[in-house]
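Both complexes below contain chain A, partnered by chain B and then by chain C.
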Partner chain A sequence: MLDLINVSYDTQIPNNVGLSSDKRVLKALEKWHPGYINWWSDLIPQNFQQSLVYLRTAVSVDPKGWAKFDYVKMPEYRWGILLAPEVEDRRIPCGEHAGQPAWQEVPGEYRNMLKRLIVIQGDTEPASVEQQRFLALSAPSLYDMRNLFQVNVEEGRHLWAMVYLLQKYFGKDGREEADDLLRRSSGSEEAPRMLGAFNEETPDWLSFFMFTYFTDRDGKMQLESLAQSGFDPLSRTCRFMLTEEAHHMFVGETGVGRTIERTCQIMTENGITDPYDIDKIRAFGVIDLPTIQKKLNLHYTLSLDLFGQEVSTNAANAFNAGIKGRYMEHRLTDDHMLKNDTYPVWDFEDGKLVRKDAPALTAINMRLRDDYTRDAAGGVGRWNKLIAKSGVEFEMKLPHESFHRQIGVFAGKPFDPAGNLLSQDEYDAKATEWLPTKADGDFIQSLMTPVSEPGKYASWISPPKVGIDNKPGDFEYVKLYMA
Partner chain B sequence: MSAPLKQHLIDPEICIRCYTCEMTCPIEAITHDDNNVVVDAEICNFCMDCIPVCPTGSIDEWRVVNTPYSLEEQFSWEELPAQEDISECGGGIEALDPAIEALLAEAHGGAGGRSKAPLSAAKPTINMYNLGKPATARVQGNYRLTAADSGADVRHIILEFGGLPFPILEGQSVGIIPPGVDAEGKPHLPRLYSASSPRDGERPHFNNLSLTVKREDQGLCSNYVCDLQKGDEVQVTGPFGATFLMPDDPAARLLMICTGTGSAPFRAFTMRRQRAMAGEAGDMVLFFGARAPDSLPYFGPLKKVPDRLLKKHMVFSRLKDTAKEYVQDRMMVEQDQIADLLADTKTHVYICGLRGMEQGVEQSFKNIAESIGLSWEATRDVMRDEGRYHVETY
Partner chain C sequence: MTKSIDFQTDPSQYHHWRVSYDGPIATLFMDVDENAGLFEGYQLKLNSYDLGVDIELADIVQRMRFEHPEVKVVVMTSGKDKVFCAGANIRMLGGASHAHKVNFCKFTNETRNTYEAAEADSGQKYIAAIKGACAGGGYELALACNHIMLTDDSSSAVSLPEVPLLAVLPGTGGLTRVTDKRKMRRDLADVFCSLEEGVKGKRAVKWRLVDEVIANSKFDAVVAERAREFATASDKATGTGIALTPLSKTIGADGSLQYSLVEVAVDRKAGKATLTLSGPDSEVPASLEALHAQGDQGYLLRLARELDDAILHLRFNEMELGLLVFRTQGDPQAFLAHEAFLMDNRSDWLANEILAYWKRLLKRIDVTSRSMVALVEHGSCFAGILAELLWSVDRSYMMEDEFEGDNRPIAAITLSDANFGAFPMGNALTRLQTRFLGEPEAVDALAERRGEALEAEEAEESGLVTEIFDDIDWDDEIRIFMEERASFSPDALTGMEANLRFAGPETMETRIFGRLTAWQNWIFNRPNATGPDGALQRYGSGVRGDYAQERV
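So, the complex of A and B:
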C-alpha cells in the first residue's frame, strides 16, 4: 500500500504522492530536476552553497513529522512534493458546483483557467529567491541568514509543488509551462517574472523583512484561496504550503519588529524623544522610525496591486467555477454561490471616493484585499505596542489603500497616505515624505554590514526573543564555509 | 480546592497570529479574536500536534494553575502571566500525563523538596508523544554491557526514529510501551528509561538515542527491551522530565553519583561535554558503584575518558579478597574534593540509581558539609532551589 503520510525517499524526489509508481510523471520531474539544480546553483553565491545551514526539512505531512531540523548544505536540501492528506468525501466548497464531489482530475472546461492560476502562483516562488539572492552577503546575523535561507529553500519547494501539478495534470502544455518557470527570471529584460512586484530587487534587509511581511502575505492570501479549490490536488498542495508560509510571515513580522525595537532602544538610551530627529538617530547606526514608515508605505501599496482589479470577471469566473474560493471559505455562512449578494467596492462619485455595492461575485478580489489589509494591520498594531512599551511616541500606520497605486480604481491618482486626493503638484512636493528616497536607501545600505559571529547582531537590529527550534542565543545557525 | 492542572497557553508577545496552530488542531481547541490566539483548556488534550507547526515557538508555554485561565482572560492578555506559586508542583512541568508525572515526582522525591532545572539548562520538550500517539522507533543495536558470567545482564539499546523528530536532552527519559495487554485486557503503561546518549544522538545527526537497561527477573518491560533484536519496532513516548537536566554553562562543575544503570544520564552528560564543550568545561567528578568491574556498565569505555574531563571513582562492593566498598564510603575518602565542590556555587550535584543508595550518600554529604562548618540541609535546599541538586532514584 502507498504510504501517504511518510515521505518516500526511494526515488530521487521525496514525495508522498506515490511517484515511484507513476513512471510518466516521475520521468518528467527527473528531467526537470537538473535544470532546477542548475538554477539554484547559479543563483546563490558559492560559499553559501557549501555552508552548513540549520534548516528544517519537511519529512512528512503529519503535524509531528513535517518539521525536522538539521544542518544541511542547501544544494543537498531534499525538495519534495508533499500534499496535505486527502480529506474523505471532500466537496467543492463554492460556485455553481458547490456541494458536488471535489475533482481529482482537471475538469476539461476549466483546464486553461486552472493552469493559468497555477503558473502565476508558481512564477512568484522562484522569483522571490531571485530577488533575494545577494542578501546573505550582508546578513545582520547568522540567525537572520539562516531564516533567509529557510525562506529560500521553501520557496524552492513551493516551485516544486506547482511544477508537480503542471506535469501531473496538464500533459505537454504543463511540461512546457514548468520549463518556462525556470526560463523567466526576476528583473530580466527579455523574460521577466509575470507580476510586477516580483521584478523589483530586494536591496537590503529591511526591504526583505517588509517583503516577507507584506508581499508574502499576499502569497499567503492567494494560497488560502487556492486551498479552497474544488480541484483537490491543488487544494491539498496549498494547504501544506501554508504551514511553511507561516514561517515567512514570522521572518517578516519579527524582522521589522526587531528593527523598530532597536531604534527605540537607542533613542531611549540616548535621551532622544523626537522620532523626527533623523540625523541624530541615524548617527547611532539605527534606522529612524519615519524611514521605516516610508518603507512600510512602499511595500504595502506594491502588495495591494498584486490583488488586481477590484471588480474582476476573471476572479468571478474562478470562484463560480469552484477553482478558487474566498479566504476561510469553509467558515463563511452564506450560500457559497454569491447569486444575489453584494459587496462594497471603492469607486468615484463626483470626484469623491465612496464604497459602492457591487455584485459580490465580481468583487472577489476586493474582498480578499480587505481580508489581507485586516491581516496586515494586526502586525502593525503589535509593532506599535513595541514602540509604546519603549516610551517613544510614534505610531506606524498602514496608508490608505488609494495611496501610491498602479492597478485598480486608484491607479495613477495622486492620493496622499490619508486618502485625500491632491493635485499632482501637491503630491510631487510631498512624495519624499511618504516614500523612501534614494538617500534613504543609501543610508539603509550603509548599515548593511555582515555579522557572522554566533550570537552577535548588526547595530540596527535587536536579537530575537526566542531561538529557532529552541536553540540558545549563541547557536551557530550557519556554519560558514571558508574557502 | 481542586488539584492543580497544567494549562497550555500561547505567548501573545511572540505569536504572529498566523493561525497555523488553529488550522492544525484536530479537535478545534484553538481559537482567536482580534487580539490573541488562545487554547481552550476544556478541550485541549495535549496531543501536541500544534507544537512543531508553530513558526515562532510562542505555542510552547505551560502554566500550572488551580483554575484554568478562561478564554476571555486569555483574549485580554498583552503578555503571559507569570507562573503563580503553587505548592504542589509548578516550575518545571515534568510530564503532562498524571501517571508519568507521578512516577517522576516519586523518582525525584529524594531531593527533599521541589526540584528545579539548572538555570542555564536548555528548554526541554516534553510529551511530544504519548500513549495515544506513540512514536515508532526501530532498534539499531542491542549490546550486552556486562560479562556473560557477571550475573547482571545490562544492555545498551540503540533506537532510531527515522524521520520522526524526537528532541531529547541529557537527563530526560522516554517511555517504552511493552506490547500486549495486562490482566484487565488494557494495554501496558509505558516504563520510563533515561536516555544514555546526548541530545544530538548516539551518533550525531542520525536521529537515534540509546538506553541502558538491566534485565530484571520478573520485569515485563526490561525483559522485552533486553530481548529486542536489531530491526524490531518499539513504541516510544516522551520525552519526559524537565528538572534533571545538565547546565549548558561550560563553566559549571558536575558531581555525579550513581549505581548500576543510574549511570545512563551521566554517560549522556559526559558525551555532551565531550562533543560540545571539550576543552573549556568545568570539571566533572563521577562516583560509580557496582558489584564488580564486569557488572559495571560501560566499564571499558569509561576508563578511556581522560581524567582531565572526568574524574572517575569506580567503587566495588563484591571484589574477592577486598572489603566491600560503597559510593558513600569512597565519598568520605575523597571528602576534600567533595568539600571543595560543595563550597562552589558553580557545582551541580546529581544522584541517580537505586533508591537504597540515597540514605548513605546523604549521610556522607552531611558529614562532609559539617566538617567544613556548613549545615547540610540548608546547603542542599539552597542548591536545589538554584537548580543545582538533583536526585533520581527508583
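So, the complex of A and C:
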C-alpha cells in the first residue's frame, strides 16, 4: 500500500504517486529530467546557481506540515511530484457526466481536450521563470531574492507536475508535448510560449510583484477550475499546486504593499501631501503612488485577457465534458449542468456597455473572470488601508474591465479606466496618465540596485513585517556564492 | 425487423430458386415463394425479392463456384410466366429501417458483383434470359449477367422505373451499369430511366440495353444454343466439385461467435467486436489431390468462409458494434506456406476459386461501414493475404519491442506475392498501391522486401502501419483510440471512412459503392421517398407521392 502522506525518496524524484513501482513513468521522467536540469542551468545566472538559498521544499501533502525549510543549491532542489490525497468515492462534479465516478484514467473521447488544457497550463509554469530570469541581479534584499527563487523553483515544480500527467496518462503524444514544454521559451521568435502575456519580460521588481499578484492569480483561478476536473489525477495535482500558489500571491501582495508603504512613509516624513507631486516624491528614491496605479492598470488588464473570450464554446465544451469546473464548483448549489441557466455577460451595444444574459454554459470564462476580479479586489483594499493609515490621501483602484483590453468584446476599444468609451484621440491624449510610460519604466529601473547585506533593503521598499519561517530581520536568506 | 439473420443456407432450404444442371450448363430459375418473405408484413409478389431471396442467390453463386466447377454457363431465367423479376419488394423497402435498407442494398450489390465477376475470375458466364416484365432490381439482376437475351413478344420489356414510380434510384448498380457497362448513351439512359414501362424489342438492342432480342417462338431454343456456344468456347478449368458443408459456429449468450478459426468477442458497452483469426491448424496440403480431399476443411477456404459469415453477421445483426478490431494469432511462415501452395497452383480450379473468394472477401471488408482497426500483436500472423487486412482497415497499431511477461514471437509483418496484384480493391489497384498513391516507388521498394519479417520500427518506417507502441504505451493508447472512436458520430465516421478508403481511380465498382449508394442512402432519408406522403409509402395506394419541390 502506497503511503500517500509520506513522500517516498526511494527514487531520484520525491513523489507520492508510487513512482518507484511505476517503471514506465519513471523511465519517461528520468529521460526528461536532464533536459529540465539543462533548462534550469542555462536560465538562472551562474553565481546564483551556486548560492545557498533558504527554500521550502514540498515533502508531503499533509496540510499540517507539507514543507520543510533549509538551505539548498537550486540545481539540487528536489522537484517532486505530489498530488493531493485521493478523495474517497469522488464524483465528476459538473457537466453531462456529473455524479458519475471521477475518471482515474483519461477518457478517450476527451483525451485531446484534456491534453490541450494541461499543455497550456504547463506552458505558463516555466514561462514565468524565464520572464523573471534577470531579476535576482537587482534584488532589493536577500529576503526578496529568496522569495523570487522560491517562486521560481515552485513554478519549476508545477512544470514537473504537468509533465507527470502528460507522461503518465497521454502516452507517446504526452511525452512529445512534455519535451515541447522545454523547447518553447518565453519571448523566443522560434518557439514562443503559448500565451501572449507570458512572452513579455518582467523588467523590474514592481513588475514582478504585480505579476505575482495579478497574473499568478489568473493561474490560481485556472488551477481552481482544473481542481474541479472530473479527471481525478488532474484535480489532485492542481489542488496541491494551489497550496504553493498562495505563497506566490503573498509575495506579490506584500511586495506591492511594502512599496506603497515605503512611498507613504517618505511622503509623510517629508511633509508631502499631494500624491501627484511626482518629481518631488521620486527625488527621495521611491515610486510615486500614481505610477504604482499605472502598473496596476497594466498588469490587471493583461491578466484579464488571459481568461479568453467572454462567450466561449471551448470553455462550454470543457465544462460540459466535466474536464474543467467553475471556481468553487463544489460549493455552488445549482444543477452543475447549466442546461437552462443564464449568466450576464458584457456586451457592447450602440456604443454602450451592457450586461446581457447568455447561456451560462458558454459564459464559463466570463464567470471565472468575475470571480477573479472579486478575488483580486481584496489585496487592493488592503493596500488602501496601508495608505489610509499613513494619512496620505490616495486610493488604488482596479480599472474597469473594458479598459486596455486585447481580447474579448472590449478588444481594441478606447475605454478609459472608469469604463467610458472615448474617441481614439481622447484616449491617446490621456493614455500616459493610465499606463506606465517609457520614462516611468526608466525611473523604476533606476531604483533597481541590488542590496545584498542581510537585513538591509533598497530605498524604495519597506522591510517585511515578519520573516520567512519566522526568521529574524537580519537572517541571511541567501548565502551568495562569490566566485 | 429485429430477428437475427442467418447467411448460411443450402439447396435443401431454398424457397425461391431452383437450379437444374446439365453438364457445363446450369439453369437458374427464379421462382419466388410470395409467402416466404424473410420478415412479416409483405408478400413477394411477381418474383420480387427481399434479403432472403438474395441470400439464396448468393449461396447458389458460391456453390456454383465450389460445388459445380464443371459449369461454364449459367442461364438465369424466371420460373414464372409473364414476369422475369419485378425487383426489390416495395412493401419490404417501405417497412424496413433505414439501416436495413442500406445493408440490404450493399449485400445485393456484392452478390451482383460476384456473379458478374465469375466469368473473368473463373470462367463461369452468366446469361440473363428474359421473358416477361423485367423491372428495376429485376433488370439489375440481368445487368450483372455477362449476356442479356430478351424475348420479342411485344410485351416483355426491361425497365428501370424507380425514379418515376418510387422516387428512389435503381441502386443495385442499375444507373451505373447502363452507362458504365452497357455503355448506353447518357441522354438515352435518361429517357430510359424515366420510362415506367421500359423498353422492348429492337429498340432495347439498339439502345444497348440487351445483347439480343429473339422471336418468342424461338427464344428457348436460341438461349439453349447460345449457352452451348459459350460453353464450347470456354477453356475453364474443370473438375469434381467439393461440398460446402455447414460452418461450425456457436453463438454465445453475449453475442460472441466461435468458429473453428475465427473468434468474435463482443464488448457491447464499448460498441466493439474483436475478430481474432487463427493461423493454420494443419499442414500445407502435400498435393493438389490432398487439397481437393480436404475440400471445405482446407485452411484458407475454411478461414474465408468463417470470416465472411462473421462479417455479414456483424453487419446485419450487430448494428451497434461500431468498431471492428482485427487480430491474428499464428505462425506467419505456416500461413505463407498455405498461401504459396494456392498461388503456385492457380491453374487448378479449386486453388483458383479459393483465392478468388479471398479477393471478394477482402473487398467486402473494404466496404464494411464500421470503423475498423487492426492490432498487430506479438504472436500475430499478418502475412501475405492477412496483411491485406492492415490496409483494408482504417488504422493499424503494432507492438514494438518485447512486452513484459509476453513470450510470444515478436510482432512482424511479412509481405508476399499476394500483396502485389492478386487481390485488387474495387478501384482496381492493390491495397498497397492505393495506400501509397503519392509514392508509387514505395510499393516497388516493398516488393523487394517480400519474405522479410518486418518488425515494428521497419513497418512504421515503410508506412505499413499507422503507429507502433511499446509495452509502456500500448494498453493506454489502444484504449484511448477506441474510446475516442466510440465518442464520434457513427454517421460522420461512416462517411469519413468510406471517403478515405478508396483513393485513386474510379471504376464501375467504386461508383456503385460510392456514388450510387451514397445518393441512394440520401434519398432513403428524404421525405419525398420515405416520408408519410413519400412515394415508397404511397406505392400501391393509387395516390402518387407528394413531393417537396425544393432542389437540394
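Operating definition for what follows: the second predicted complex is superposed on the first by the 482 of 483 C-alpha atoms of A that agree within 3 Å, B and C clash if a C-alpha of one lies under 4 Å from a C-alpha of the other, contacts with A are read in each partner's own complex, and residues count from 1 in each chain.
Following the convention adopted for this analysis, a contact is a pair of C-beta atoms (placed from the backbone, for glycine too) under 8 Å apart; a residue touches a chain by one contact, two chains touch by 3 or more.
Nothing here was measured: the structure is a model prediction, and the numbers come from that model.
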Chain C versus chain B on the shared chain A, clash or fit after superposition: fit
Per the contact definition in the header, classify A:K172: touching chain B only (first), chain C only (second), both, or neither. second
First (chain B), second (chain C), both or neither touched by A:V59: first
If you stack the two complexes on chain A, which partner ends up touching A:V466: first (chain B), second (chain C), both, or neither? first
Look at A:G308 in the shared chain and tell me whether it touches chain B only, chain C only, both, or neither; answer first, second, both or neither. neither
Let me test your reading of the model: by the given contact rule, A:G219 touches which partner, first (chain B), second (chain C), both or neither? neither
More residues of chain A in touch with chain C or with chain B? B
Which of the two partners, first being chain B and second being chain C, lies in contact with A:P436: first, second, both, or neither? neither
Looking at A:A28 after the superposition, I want to know if it touches chain B, chain C, both of them or none. Which is it: first, second, both, neither? second
Between chain B and chain C, what is the shortest CA distance in the superposition, whole Å? 32
Dual-contact residues of chain A (chain B, chain C) none
Using the touch definition from the top, list the residues of chain C that touch chain A in their complex. 467, 469, 471-473, 476-477, 479-487
Under the definition above, what is the set of chain B residues touching chain A in their complex? 13-14, 16-18, 20, 23-24, 34, 48-50, 52-58, 60, 78, 122-123, 125, 128-129, 133, 163-165, 167, 205, 207, 248
Residue numbers on chain A that touch chain B, as the complex places them: 6-7, 59-60, 63-71, 242-243, 245-247, 249-250, 253-254, 375, 378-379, 382, 385, 465-470, 472
If you look only at chain A, which of its residues touch chain C in the complex? 24, 27-28, 105-112, 169, 171-172
